[in-house]
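Look at the two complexes coming up: subunit A is in both, with subunit B in one and subunit C in the other.
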Partner chain A sequence: MSIATQLLINGLIAGAIYALVSSGFSLIYSTCKFIHFAHGAVIAFSAYTLFLLFSVFGLNFWLGVILTIALTSFLGYLMNITVYKKLRKKKASNIILLIASFGLLILIESLILIFFGADVKTIGYIKVSKGLEFMGAIITPLQIFIIITSFILLVSLFFFMKKTKIGKAMRAVSDNKDVAEIVGISSEKIYNWSFSIGSAIAGIAGILVALEQNLEPTMGTGLIIKGFTASIIGGITSVPGAILGAFLLGLAENFGIWYLPSGYKDAIAFILLFLFLLFRPNGILGIKRRGEKER
Partner chain B sequence: MISAYLIHLAILIVIYIILTLSLQLAMGYTGLLNLGHIAFFGIGAYTSALLTLAGWPFWMSFILSGIVAMIFGFLLSIPTNKLKGDYLALATMGFSFVVYAVLLNWTELTRGPLGLPGIPRPSLFGFNFSCNLSFLILTVIVVLVSFFIIRRLTNSPFGKVLESVRDDELASKTLGKNTFKIKSIALAVSAFFAGIAGSLYAHYITFIDPSSFTIMQLIPVLLIVIVGGLASLKGTIIATVVLILLPELLRFVGFPSSIVGPARQILYAVILLLILVYKPKGFYGKVELK
Partner chain C sequence: MANKTINILIVLVILVIVVNIILFTGFFKGNLTGKDVEVPNDTIRIGVILPLTGDAAAYGIPLQRTTRFAVNEINKAGGINNKKLDVIYEDGKCNPRDATNAAQKLININNVRIIQGGMCSGETLGAAPVAESNKVILFSPGSGSPEITYAGDYIFRNFPSDASSGNKIALTAIKNNHKKIAILSEQTDYAQAVVDVFKRTFEKNNGKIVSEERFASDSNDFKTQIAKIRSKNPDAIYLVPQIHKKIGIILKQFEESRFDKQIYSNEMAIVEEILDEYSRELEGTIIAVPRFNEDDPLTKEIMTELRNNIDFGSMPPVYIATTYDNIQIIKEALEECGENTDCIKNYLYSIENRQGVAGTLTIDENGDAHLEYVLKVIRNGKPEELN
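Right after this comes the complex of A and B.
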C-alpha cells in the first residue's frame, strides 16, 4: 500500500512541475498556433538566472526570485519580437516557426553551456531536510510547497483567462484571430502578452525545478518534451486540458515504472504522445472545430 | 598530419551527404517533415555494429542495416500517414525519442550508455579498409551509388508523383494516385539510405553510443537540407560541404576545445534563424517549407 501512495505522491509532484511547463506552452500555442520548443530553454534560463543571482552574486533569495521571473518573462517577449514576429510578417508557416523555435532552443542551451559549463549545479537555498511521513510515503516540505505553488498559480491563471480583459482577448484570438481583429483586438499585442505570461510561468517552473533537482544546461529540452506531451494528451489548444494532461502524464510515468525498468520512464511519455497523436490528436479536452482542416 | 585531418573531414562529409540526401527525399521531395530521421541513422549504425560484432561479414551487415532501417521507416509511415504539418513533426520526433530510450535501456543488447566499442573496420573480399584513405574511397563509392539512385528516383515519373503529393495531396488523390502507398515508399527509401549512412558511420568511428543519435544531432542535418533548399540535390551537397567545414574554422581561430562544441551549435542555430528569416527557400530551393 505504501508503494502505491509513494508512487501517487511522486506522480503528483512530477505532474505539478509538468503542469507549469505545459500550461505556459499551451497558452502560447493556443494564441500563436505554433509549437514553441524554445519554451524549454526559457525554463533553463530561469533556473540559471536564479543560480547566478542567488548563488554567485549572493542576492537576497526572494529578490532574486522576483528578478528571475521578470527577466524570464522578458526573454519570452524578446524571442517573440526578434524572431517570431519577423517570420509571421513574411507569412511563414507554422512549420517554419517550429524549426525556428528549435534553433532558439539550441542557441540558448549552448550559450548557457558556454557561460556556466557542463557540470551539474545546485542552488542549495533549501537545506536537504528529512521527509515527512504521510500514509506510509515520504514527502519533503519543498515538494509540498511545489504542489501548493503550482495549484495556486494554475487557479489564478484560470481566473485570469476567464475574468480579465487580456485573458478574454487571448481566448478570442485563440478562437478566431480574424474576428478578434475585426472587433479591435490587436493580435500582435496578444501574442506579446502570451509570450510574456507564458514565459513568466516557465520562470516559476524553472525556479521550482532548480530547487528540487539539479541544474544542467540541457534540462530545458527534457522538460519541454514532457510539457508538450502533456499538452497533447490534454488537448493542446486548451490550457485546462494541458494541466490535466500534465497530471495524467506524471501519474502514468510513475505508476508505469512499477512494471517496467525505471529507465523506460521517458519512453512511457513518448508512447503516450504517439498514441494520442494517432488516435486522438485533439487530446482529451481539445475540441475539433467544424471546418478546421484535417491534421 | 594535415592530410590525415583532411581525409577525416572528407569521410565525415561523404557520410553526411548520404544522410542529408536521404532526408531531402522525404522532406524536400515528398513534403514529410521527418524529425525522427536521426533514429534511422542510429538504427542502421546499431544493426551493422551488432551484426559485425557477432561475426557477420561486413557487406551483409551493411545491406541489412539499410533494410532494417527501411522496415522501421515503413512501420513508422503506417500510423503517421494521416498526420500533417506540426503533428507529423511531433510524431516522428516522438519516434526518435522512443528509439533513443530503447538504445539506452536495452542494455543486454546495446550495452546502454556504455556504447559498443571495437566495431571492426570493413573488409571486402579479403581487403581490409583499415586505412582511412581506402575507407574514404569506399564511402565515395557508396555516396555515388546512393546519389545516382536518388537522382534517378526524383527525376523519374515516380519522383514527379512524390512532388505532387507534397504540393497538393488531395489533387494527386483525385488523379487516382495512392498517396498512402507513395508516402510509405518515400519514407522507407529515405530510411534505407539513412541506415546505410549509419552503418558507414559506425564502422568509421568504430565506437557508437546512444548519444550520437539524439535530436541534437539532427540539427546539422535539418539545417543543411534547409540551407541547400528543398527539392534540390545540388543544393544539399554544396550545403553539406560548406556547413560541415564551416565550424572547423572555429578550431583555427583558437577557441579552447571545450567551447568548440557549443560554439558549433550556436553557429548552426544562428545560421538556421537567419536563413529562415531572410531566405526561407534556401539557396537552391524550388519550394518553400509548408
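Right after this comes the complex of A and C.
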C-alpha cells in the first residue's frame, strides 16, 4: 500500500513539474502554431535569474521570485519580437521557426554556461530536511507546494482562457487566425501575449525546479523534451490536454520503473511518445485535423 | 518547373560526388582537403580531447587550464628540442561519439601524432579505435574504466584503472558485514565498468546485491529509485556517479526520503563543493580514491604553483596532478623520439618509477598506470584514510 502511495506521489510531483513546462509550451504552440523549443532555455534562464538575484545579490527571496517571473516573461516577449516576428514577416515556414527556436535554445544555454560556469549551483532557500510521512509515503513540504502551485496555476490558466478577453482572443487565433483577424483581433498582439504568459509560467516552473533540484545550464533541454512529450500525449493544440499528458507521463515513468529496471525511465517516456504518434497523433484531447472534423 | 528542380538536384549530386572523389583520392594533396596542412617546422602539434561543454565541462575546463599552463611553461623554457609545442583542443563532450569525431579531426585534419585524453572513460574508449588504427598515441590523464586496459597498443593512461576501486569497496563492505547491498549508478561507461567489477568481487565473497538501479546522466529525480531500494531493505548502498554533480542531489533526496544506510562511493563524494554542502549527509561514507599525497615535497611545490596560477574549479586535485604529469611525460617522450609513434609507444611502456606530481608512476604491459586506490572515510566533514 505504502509503495503504491509513494509511487503515486512521486508521479504527481514529476507530473506537476512537467505540467508547468508543457502548459506554457502548448499555449504558445496553440496560438503561434510552431514548436518553440527555446521554451526550455527560458526555464533555465528563470532558475539562473533567481540564483543571481537571491544567492548572489542577496535580494529578498519573494522579491527575487517576482522579479524573476517578470524578467522571464519579458525574455519570452523579447524572443518573439526580435526573432520570430522578423522571421514571420519574411514569410518563414514553421520549420524555419522551429530551427530558429533550436538556435535560441543553444544560444541561451551557452550564454548561461559562459556567465555561470558548469559547476553545480543550488538555491539554498530551503534547508534539506527529512520528508514528512503521509499515508506511508514520504513527501517534503516543498513537493506539496509544487503540486499545489501547479494545480492553482493550471486552474487559473483555464479560467483565464475561458473568461477573459485576451484568453478568448487567444482561443480565437488558435482556432482560426484569418477569421480572428477579420473580426479585428491582431494576431501579432496575441502572439506577444501568449509568449509573455507562456514564459511567465516557464518562470514559475524554473523557480520550482531550481528549488527542488539543482541548477545546470542544460537543465532546460531535459525539461523541454519531457514537456514536449507530455504535450504530444495530451494533444499539443490543447492546453488542458498538455497538462493531462504531463501527469500521465509522470505517473507512467514512476510506476514503470517500479516494474522495469530504472535505467528505462526515459525509454518509457519515449515509447509512450512513439505510441501516441503512431496511434493517436492528435493526443488525448487534441482537436482532429480540419478535414476529419465532424460537420 | 519540376524539370528545373530535377536538373538542379542532378547538378548538386554530381558536385557532391566530384568533391568526394577529390577528397578521398587526395587529388589536391593539401589545402583543399585540409589533409597534410603544413605544420610549421619549428612547431610540434599535439591534440587534446576533453569535455568542454555540457555537465562534464566542470571537469574539462580546469584540466584545459592545467594543460595550457604546463604547455606555456614548456614553451617558455625553450620548447621541445627548440620546437614550440602547439595544442589543439577538441570537445569530447564526455561521450564516445563526439570523442570519435574529435579524434578523426585531430588525426586526419590537424595531423597530430599524440593525443592527450580523453577525460571521461567514454571519450577514451570512443577515440581509442581511431587512434589505434592510425598508430597515434592516445594518452589519458583521467579515464578509469577497466575496459581501457585492453583498448589497444597505442592507448595509455597515467591514471589508475577503477578495477581496484570496485574491488576494494566490495571487500570492505564484506568486512563490515554489509552483505546485502543496493547499487545506484550512472549510465556511463565508467560507472557501469566499476559496478561490474564490484559485483563480481562482492558476489564471489557471498555478498548479495538486493537492488541494482541506474539513472541517466541528465536525470534529476531519483525518488522512485530510492523507494525501490528502500523496499529491499539493504545494509548499505554503493553509489557510483560519473561526475560529482549528481551526488549532491542524490544525497538531498536520500535525506528527504529518510534513507540513512551506510554509503559507499567514489572520489566524486569528496569534491570540495559537495563536501562543503553535504558534510552532514556524507558523514561516515566510505570511498575509494586514487592515492595522492599532497604533502610530498615535489607534489606540494608544483601543486602550490598550479593553485596560484589556475582556478581548479570543482576538480579533485589528483586529476590536475595527473594532467600536469601527462603533459610532462608527452614532452619527455617527444624529446626522446620526435614524432615517431612507435618509438614513443616503447618509451611509454618503459616508464618505471617515474617521480611526478601525482606520485610514482610505472606503466605496465597494457599501457595502464600502476597507481593505487586507497580507502577513505568521511569523519567530521573531512576525508580520513581508512586502514
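Basically, the second predicted complex is superposed on the first by the 290 of 295 C-alpha atoms of A that agree within 3 Å, B and C clash if a C-alpha of one lies under 4 Å from a C-alpha of the other, contacts with A are read in each partner's own complex, and residues count from 1 in each chain.
The rule is simple: a contact is a pair of C-beta atoms (placed from the backbone, for glycine too) under 8 Å apart; a residue touches a chain by one contact, two chains touch by 3 or more.
These numbers come from a predicted model, not from an experiment.
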*Are subunit B and subunit C a fit on subunit A, or do they clash, once the structures share the same frame?*
clash
_According to the stated criteria, A:113 is in contact with first (subunit B), second (subunit C), both, or neither; which is it?_
both
*Examine A:263 and indicate which partner it touches, taking first as subunit B and second as subunit C; both and neither are also allowed.*
both
_For A:83, using the defined touch cut-off, is the partner it touches subunit B, subunit C, both, or neither? Pick first, second, both or neither._
first
*Determine, under the contact definition given at the top, whether A:34 touches first (subunit B), second (subunit C), both, or neither.*
first
_subunit B versus subunit C as contact partner of A:228, first or second or both or neither_ = first
*With the two complexes superposed on chain A, say which partner A:42 touches: subunit B (first), subunit C (second), both, or neither.*
neither
_Touched partner set for A:6, first subunit B, second subunit C, both or neither_ = second
_For A:274, using the defined touch cut-off, is the partner it touches subunit B, subunit C, both, or neither? Pick first, second, both or neither._
first
_Going by the contact rule set out at the top, does A:243 touch subunit B (first), subunit C (second), both, or neither?_
neither
*Which of the stretches 37-45, 73-81, 307-315 or 325-333 of subunit C runs into subunit B once the two complexes are superposed on chain A?*
37-45
*subunit A residues touched by both subunit B and subunit C?*
110, 113, 221, 261, 263, 266
*Name, in rising order, each residue of subunit C that touches subunit A in their complex.*
53-58, 61, 187, 212-216, 218-221, 223-225, 227-228, 231, 244-245, 248-249, 252, 255-258, 273-274, 277, 281, 313-314
*asked:* Under the definition above, what is the set of subunit A residues touching subunit C in their complex?
replied: 3, 6-7, 10, 13-14, 110, 113, 117-120, 122, 128-131, 138, 140, 209, 213-214, 216, 218-219, 221-222, 253-254, 257-258, 261-263, 265-266
*Write out the stretch or stretches of subunit A touching subunit B in their complex.*
34-35, 83, 86-87, 90, 92-96, 98-100, 102-104, 106-107, 109-111, 113-114, 221, 225, 228-229, 232, 261, 263-264, 266-267, 270-271, 273-274, 277-278, 281, 294-295
_Please output the residues of subunit B touching subunit A within their complex, sorted ascending._
33, 79-80, 82-87, 89-91, 94-95, 97-98, 101-102, 104-105, 112, 215-216, 219, 222, 226, 259, 261-263, 265-266, 268-270, 272-273, 276-277, 280, 288-290
